[in-house]
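Structure, as structure tokens:
Chain lettering (A, B, C and D) follows the sequence in which the chains are written, and residue indices restart at 1 in each chain.
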Amino acid sequence: MVLLEFSMNPLGKGESVSQYVARSLDIIDASGLPYRLTPMGTILEGEWEQVMAVVRQCYERMRADCPRITCSIKIDAREGKSGRLAGKIASVEQRLGRELRK
Amino acid sequence: MVLLEFSMNPLGKGESVSQYVARSLDIIDASGLPYRLTPMGTILEGEWEQVMAVVRQCYERMRADCPRITCSIKIDAREGKSGRLAGKIASVEQRLGRELRK
Amino acid sequence: MVLLEFSMNPLGKGESVSQYVARSLDIIDASGLPYRLTPMGTILEGEWEQVMAVVRQCYERMRADCPRITCSIKIDAREGKSGRLAGKIASVEQRLGRELRK
Amino acid sequence: MVLLEFSMNPLGKGESVSQYVARSLDIIDASGLPYRLTPMGTILEGEWEQVMAVVRQCYERMRADCPRITCSIKIDAREGKSGRLAGKIASVEQRLGRELRK
């Protein structure tokens, strides 16, 4: 299973890009994959081809009206582990013996 | 104000590195800066020198017993905007007219 | 056309991971896509599905014997522009009026 | 010693941002640190505080006329190893027994 975090921004569409981000989130939400929105991106959980298919859909939608796009993707893949969207934080909290801000 | 997300991992310390992550979170928590833990990293909010000082502290602590360290940092800096740790998600939700998983 | 830079590392395989990086480079070299090796990753040029197919091949190869893998990907997509693997640096050099170390 | 790759872009300054990139490269070139320009960013080699000081200078210069800035940074730190700007690629090439495109 793969945790994939990504953020995708158009260049040349002004300083505020939240309308484009909102469109991506519509696609993500409709994908049915477990996801988490953070202040810096979106984290998806699934198999490689599942999460990558969602990122690509966001890209295809954005390129329809944005000629230049930057995207950063970070992947943490671990065999045989699912439920890590919640589990990774819980494991760190358990080690520290207290809850953290999330 | 700057939003800075980072993750820092030792190489060569085995497949599970949560004890090292926990130590970083102790430093982050003690810094007093607003922060948010995500399944893929930690997001700090503050001025450039404030957030970078915390990342450096984590690095100095980790290098004490980890000879090789990888770190990725993503920054979103916007003049005159604070409270973005909560505000960025709220702005996207408002545009979509519904709440998202976070 | 897309410029995609990526680096992919196993966790838990020791401090030096160059044997795994070398295997990825074999895959990249055999892909036939234009690429550039840097001290921090590899940059591919092609259409989205082409460059992503190469990254996935590297992932499939690595996961065969590495249970945990981290990967970071950075994409710069620009409609109607090809030859940017060489062109981006040339454009900055032209603006500065001198050559830079590359 | 630290290898640090970074790219820094303004949002809301149009689709082509090479004039801003050129200013950063002036700062980098004047820093005296070993560096390498790639099609996707710039790689610096030095101690943590040295390379971070250069990134911060680029940020301070850019924020003077860019209200929103995104920046991504990737760090590979390894105790007691210098000359890695050239050495990392050489080590992979040696393993493969041939030269690669760089």
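Just so it is clear, contacts are C-beta pairs under 8 Å (C-beta built on N, C-alpha and C of every residue); 3 or more make two chains touch, one makes a residue touch a chain.
Being a predicted model, the structure only gives us computed values, none of them experimental.
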(message) What's the rotation angle, in degrees and to the nearest 5, for a C-alpha fit of chain A onto chain B?
(response) 180
(request) Please state whether B-D or B-C has more C-beta contact pairs across its interface. (result) B-D
(request) Just give me the whole-number Å value for how far the CA centre of chain C lies from that of chain D. (result) 16
(request) With chain centres taken as the means of their Cα atoms, state the distance from chain B to chain D in Å. (result) 21
(request) Indicate the whole-number Å distance between the mean C-alpha point of chain B and the mean C-alpha point of chain C. (result) 25
(message) Among all residues of chain C, which ones touch two or more of the remaining chains?
(response) 15, 67-68, 70, 72, 74, 76, 78
(message) Which residues of chain C touch chain D once you look at their complex with the stated criterion?
(response) 3, 5, 7, 15, 18-19, 21-22, 25-26, 29, 34-41, 43, 72, 74, 76, 78, 84-86, 88-89, 91-92, 95-96, 100-102
(request) Report the residues of chain D in contact with chain A in the complex, numbered from low to high. (result) 9, 11-17, 67-68, 70, 72
(message) Help me check something: in the complex, which residues belonging to chain C touch chain A?
(response) 48-49, 52, 56, 59, 63, 67-80
